[in-house]
Each structure stands twice: as C-alpha cells, then as structure tokens.
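Structure, as structure tokens:
Per-chain numbering from 1; labels A, B and C assigned in written order.
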Amino acid sequence: MRGDPYAPLRPPYAIARPRSSTAALSKGDLQVADPAANAASHPAGDDPSRRDFIHIAAITAAAGAAGAVAWPFIAQMNPSADTLALASVEYDLTKIEPGLQVTINWRGKPLFIRNRTPEQIASAVKDDGASMPDPQPDAERHKDGKANWLVLVGSCTHLGCVPTVGGGDYGGWFCPCHGSHYDTSGRIRKGPAPKNLVVPEYAFLSDTKVKIG
Amino acid sequence: MLRKITFIAAAVALLAGPALAAGHAKAPADIAYSYEGPFGTFDQAQLQRGYKVYREVCAACHSMNLLAFRNLGDRGGPFYNPKYKNANDNPVVKAIAAEAQINDIDNETGDPIKRAGIPADRFPDPFPNAVAARASNGGALPPDLSLMAKARSGGPEYVAGLLQGYVAPPAGLTVPTGQHYNDHFPGDVSAGWKGDPHHPPAGGFIAMAAPLKAGLVTFDDGTPSTVKQQATDVGAFLM
Amino acid sequence: MSGHSTYQPKSGFSRWMDQRLPVGRLVWDSFVDYPTPRNLNYWWTFGAILSLCLGVQILTGIVLAMHYTPSAAAAFSSVEHIMRNVNYGWLIRYMHANGASMFFIAVYLHMLRGLYYGSYKAPREILWILGCVIYGLMMATAFMGYVLPWGQMSFHGAVVITNLLGAFPIVGETITTLLWGGFAVDEPTLKRFFSLHYLLPFMIAGVVILHIWALHVVGQNNPTGVDPKSKADTLPFTPYATVKDGFAVSVFLILFAIFVFYMPNALGHADNYVPANPLVTPSHIVPEWYFLPFYAILRAVPDKLMGVLAMFGAIGCLFALPWLDTSKVRSMRYRPQAKLYFVIFLVVCVILGFCGAKLPDDQVIPGLTTFTLVDSPLNSFVWLSRLATLYYFAYFLVIMPVLGLTEKPLAVPETIATPALSHPATVPAEATAAPEMKG
C-alpha cells in the first residue's frame, strides 16, 4: 500500500507556500521558485518551448492515428471482393450470329453484344456527319478491325429503360419508355435521351472471346 | 499476507488445469509452421502442396463452400502472383476454376446445366445436399472445411495430427463396423473397450477412413509425399 | 462541486450559442474546468476507457450491420463474407468481437475499483445503481450479440440461457415461448436478437449520460475516500485528468491491438466456427469468459429454479451493496480487515470463472477420489463452485454488514492534500492555475 497518495509536482509550475495552515511545516521543506528567473530563461512568446513541441507532435500523431482508424470504416463501404469478382465477365462470341444480339448481365445492368451485318455498319458510317444530339463517328464506338462487334451498356441514357433491338427509325434500338431512337451504332438520333448508348471498357482476349470490365 | 493468499490461489487454479488429460484424445504434436509468430509468412510451396492434397483427396467428400476459386489467388494464398493483384485475372486461378463443373442454368432455356467455373464461383459441393452426403458416407456428414482450422481447438496442428492418427487399435478395443479408431479424435471409446475402465485408450471412433497414404498425391516440387508431409501441408492450406 | 461556472465564451459565435443552447458551457464545466481530486490514481481512468469501448462497439457494430444478414440460413456465411470479402471486414469483425471482451475487462476493473474505494457509499448510491443497470444492459447486449454469428456455441448458448427462464413456475413456459417466437431457438429468435442487439447499446449510452450526470452532481470519489474540502484538494479536469485518461486509453488500445492483430480468437471458442446444428450439441457448452462466474453459480445449485435465482441474486447483491456495507469509512485503504476479505473475494471470483469453464464433475485435484455428497464427489468443480458461491454471497450479505460494525479502521486523513503536506515536497499554490502558460 502506498503511504503517499500524492507525488510532488516539479517546477516549472509556479509554486509558493500553501494558503491553509492545516499541517505544521518543517523549516526548509518548501522550495519557492523564482518567477522572475523562470521568465528570464523562457521569455514568453518568442522561443518555441518544449511544451509547444510536445503539443504539436502529439496533435499530429493523434491526427495520423485518427486517419488510420477512420480509413477502414470508410473503405469497408467500397465494393467488397465478391462484388468486384463479378466486375468483369468474359464472353464467347461464337454463339452470336451476324445480325443478332445477345444481352448479358454485367455489374447488375444489361449489356448488349451485337454482331452487325455489313449493311448495318455501312449505314452507321454513312451517318457519321449527320446532325444528332451527341455526335460521334462510328469508328470510335468499336475496336479496330472488329467493326461488326458492338458492345454497349443496354441502359437508355434518358432514364434507364432497356431499349429493344432492331426497333425505331434507324434500325438500331428503340426505347419503349419515352420513345428514344438509336441508330446501328447505338447513337441517339431522335427522342429525349441526351447521350449515346455507353460503350464500356472492354478488350478482345482472342478473336472469339471478349472481356468486359 | 494478501500476496501469499493470491499466489496460493493462483497455484491451485493452475494445478487444476491438467485434470482434462485422462481418457481424452492425444494432444496434437506441435508443428513449427512458417506463419506462426508476429512476423510469420505463409510458405507458398507448402500451400500449393496442401491445396493439391485437398483437391485430390479431400474434395471427393468435403465441401469448402465459403471459399471461392479467386481466394486461391489472394495475398497469402497458394497461387498469389504479385503481377495479378486482382485474383480474378490470375491465369492459374482461372485454369483451376475452369476445371471445375459448376451447376448453373442455361441462359436461354432455363434448364439446369453444368458449366466451366470462373474465379468468382465458390468451390462446388461434392454432393447435391446433406442427405446425399450422408448416404454416401455411412450416415456421417463430412463437415465443410472452409473454417476447419478455426473450428477445432489446436487448429492446423489438430488437423495434421488427426490425419496421422489412424493407428492400430490396442488389444481389447473393438472398433464398431463403419468406424475407425483414431487416437487424436476426441471421442468416447468406452463402448468398445474391455480393458481397465479407468484407463481407456486415448482418442475416439471417427467415421472417416484414413484418407492419406504414402505417395497418394505426387507433389510437383518433388517433396517426398509421406503421410506426414501431406497432413502437415493440408493443415497449412486450411489455415 | 456545483459552483458557479467559469466559462467565458470568447468568440462571437460562442457567445451567440451560449445564449441559446449552452453546449460549450456544459463541456467547459464538465470536462475542462471541472474540479477533480488531485490524488486520483490510474484506477480512475477506466471511466474514459469504458466510454471509448462503447464508442468502438457502436461504430464497428453499425458497420458490421451493413454487411450482416440476420437469417438462420445466411447468418454464418454472411459473417464469413465479412471476413473474406468486405474491405477490412476481418479487422472490423475482430475489433467488435474482441472489443466486447475488452469492454468487460474494463467494466470489471471499474467495478472492483468501486468496491475497494467505497465509491458506492453515500451520496453515490444512485451513481452505483446506474452503473449496475449499465452492467446488466451490457450483459444482455453481449449475450444477444454472441448469438448472431449462428455458430454452434451461439445457438446452444442461446438454448441454455433462454431455457433458464423456463425455470420460473407457471409463467416460465409462456415467457420462453414469447422470447423464442416459436417452440425453440430458431429464425424468429435470431431476428429479434439482432434488432434488440442494435437497440440496447443506445440505451446503454443513455444510462451512461445519467451515470456521468449523477457523478458530476456529487463529484468523484478518491483513493482516500475523503471529500475535497478546498481548492487545494482539486485540479481542473483539463489538462490533468484528460491527459492521464488519454495515456491510459493508449495503453488499453495497445492491449486491444495485441488481441485483434495477434490472437483474435484467443478469447473465443473454436466451436463457434462450426455452423449451428440444432440436432447436435457440442460436448462442452461454455459461455463467453465474462459470463463464466455467473454460469458457475448457476450450476452450483442443484435445483434449476434455485440456480436461476442464485445467478440473478448474485447480480442483485451488487444493487443492494450501498445499504449492505455499514462501514463509516469509505476507502479500504484504511480498512485493513476489509481489504483482506476483498482480496479473497477477488480470488473467489477468479475461481468461479475458472469453474464455469470446466465440466462440473471433473476432478479439481486429478487422481484424488473422495466420497460423494449431494450427488457429486467432493473433489469436483461443482463442489469448488459451491464453496466459492458461498463466499461470494457471504461477502455481500454477511461480511460487509458485520465488518462495518466490528472492524477497527486506520486513521483517515483530514483532507486529500494532508498526506502530501506532511512530506518534504514542492506544493503548487493555485489549484485552478493554468501552469502551461508559465515557463
């Protein structure tokens, strides 16, 4: 058991005789610091004192620690590994006949893979200079040397309905919700949609296999 | 005075610890796995050998359905490749996944089909459901191995010890049909024991037959395929 | 302690706020300028540690709830999904599981401090009772939380504890059916436990606010048990107690980190990594370590209903403690006999915890055969539990009341500062000075 519950404080706290007379004090027990001497060795304001250093160092360390602690709690809301695992799909193209389209589920959204006939490619290229809400040449919407393969996110850029293939005035797609017409390159030609059907990030792993995402 | 009482009480508490030993399973031998300790790392060669043991021996009966093929390519996994940070792109993982046949439905007709696996798929179950699993294993359900290393006290050392624990039953012990004696399995042998009732043999009767044999799995890195090696490696893999 | 506030709002905004909702003043009066006894030792830092634990549990819990599925079919695999798939899910899950254990380590030390230094005695009875209420809510929350992963221990632990309530005559079965939502622990039980487990911590937070309010009305106790008499006896809370609490919190976090990063499953049970199976009972059903003493008391009594009553009675003794202890001296520092009984009490609690983990008929001293009394051999954990339970109740119901009347306490110092002044020492003059401005 400790007999002394109170450890003496050291200078540079200002110290003086206690006001109360509760205990008899022996001579020479108390030391009195000289405030003037204290002030002389540490002029207030100019020099950064040791305490300032400790304050700054502690606050910086605490801020770093707070950031390190906060990061996992924020990061955990990012897509988890199983969601990311399904972030890319590979598709075998041999199943798609020319002129046909297949719709697959990619990242929770429909994805169109369409095998265009030469006539459809030609009509898309012919309209490259026509006036349309979101002008874009057909060449930018497919991979080099693979003009027949069109990979598009099947979500109408107006409010997200799934356009039907082959309908509409331009032979591309027609969105039944509000009447947007897309051409054979997936570009918006008529209707309320503001942008062309989105071309996602994709790559050909071989002539017959494509990886999307 | 107070400290003395505290010490005495602590000593009594510690003494009571070994009371469990009599009549229970043999404690697994300690294995100095590479991943132990605060600076431990997994030995990838060991993990690959362990995966091979799982694939060729255990997967016939044991599912591992909380893991996916892509977990094999995760950091600390058997096929991790720093070039493929995303395990879904790892070619070894893709090849392993493609070997598996995964139940799915046909996209056009809706009929049930089997297709090649992708890294995102979970490890397939060897049996369609628990009833089929029991029927093929004499009424016993082979437990899922996804968390086996954490689900048994002793962890991987327990698994390795169990797999090597198929010793010949001592004289006086009758092993019931369909069961096997294993000196590391915590069970009750008193039903078949005719010897001294106060000193039954350690271990118990397990429904699984000894799955490992010397040379059963050939290791690609040339490590000798002893039962001990196979058991140790599959323990590390399950960890 | 309720003097007039020294808060001086400095900026225009703080003056504006102070006239409308004096939050700044409240914080200043409670945590900055609040007079704190100057002799508090590190046992007084557990209040801050506990607040940290509550915050950690709530934060990690809310995040886990974003990924967890409270369904019997999916709960187990959703926890594994958190561990393997969710970014940093393994960290958050281990923080939550080990955070619960750390919460209980801290609360037990906090309560033991209260027992030793007489912090439950007048005028702090309500403070103590609110603390007991918090403890009870913590136990309920922890119990329900442990059921959520739906492992073998989760499930069968829930079966055992909910069956306890069936011990009550007449109403027992109705209560258990109501609690289960069915004929056994099953899907409905899991769902309601999840909902209540989410709710209770916020109730705990509310009672904690009452607890701190009750504390600030009467002021802190201190190791001498003597009330502060003058300014010389106290120091402003900030920076002294703030920094001391901060240091203690850091040490505590190091211990927490050791568990989370190096032995995350040490305080748990391997059987909980096996999915729940209602048809197979684990060979050794054991609650989490912080419930073990009460589990031992429960099993010590041969009758089911009496066992349940004994277990609840053991917690009830805590509520009645302010009136059971008759001593006029607060702190056991000056009560040498009481100190001895307290240490024995401590050892007995540890023994009870130990017994709770063992099978009742296992031998305490291996190999020693003894005669049987009340269906159990004398050399068994159940008899050790009975002895220990006897002392546990005797401590509260016999020793505390009697000792206060018969003991000879040591001389209690007059003021907090007196023991310091009788030593050659340097003594600060102003209790509420701001020494960081000088030098």
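Note that a residue touches a chain if its C-beta (ideal position, glycine included) is under 8 Å from a C-beta of that chain, and two chains touch if they have at least 3 such contacts.
Predicted model, so just to flag it, every value in this text is computed and none were measured.
Legend note: the chain whose CA centroid lies nearest the centroid of all displayed protein CA atoms is C.
If you compare A-B with A-C, the chain pair joined by more contacting C-beta pairs is A-C. Per-chain CA centroids place chain A at a distance of 41 Å from chain C. Those residues of chain C in touch with two or more other chains are numbered 84. Across the assembly, chain A contributes 81-82 as residues in contact with two or more other chains.
Residue ranges on chain C touching chain A, taken from their complex, read 38-39, 41, 59, 63, 66-67, 81, 84-89, 91-92, 223-224, 230, 232, 333, 414-430, 433, 435-436, 438-439. Per the touch definition, chain A reaches chain B in the complex via residues 81-82, 84-88, 90, 104. On the side of chain A, the complex with chain C involves touching residues 1, 3-6, 8-20, 22-23, 25-26, 29-31, 35, 38, 42, 49, 51, 72-73, 75-78, 80-83.
Those residues of chain B that touch chain C in the shared complex are 1-2, 5-6, 9, 13, 15-16, 18-22, 38, 66-67, 71, 143-144, 146-147, 150-153, 155, 186. Of all residues in chain B, those touching chain A in their complex are 68, 70, 86-88, 107, 118-120.
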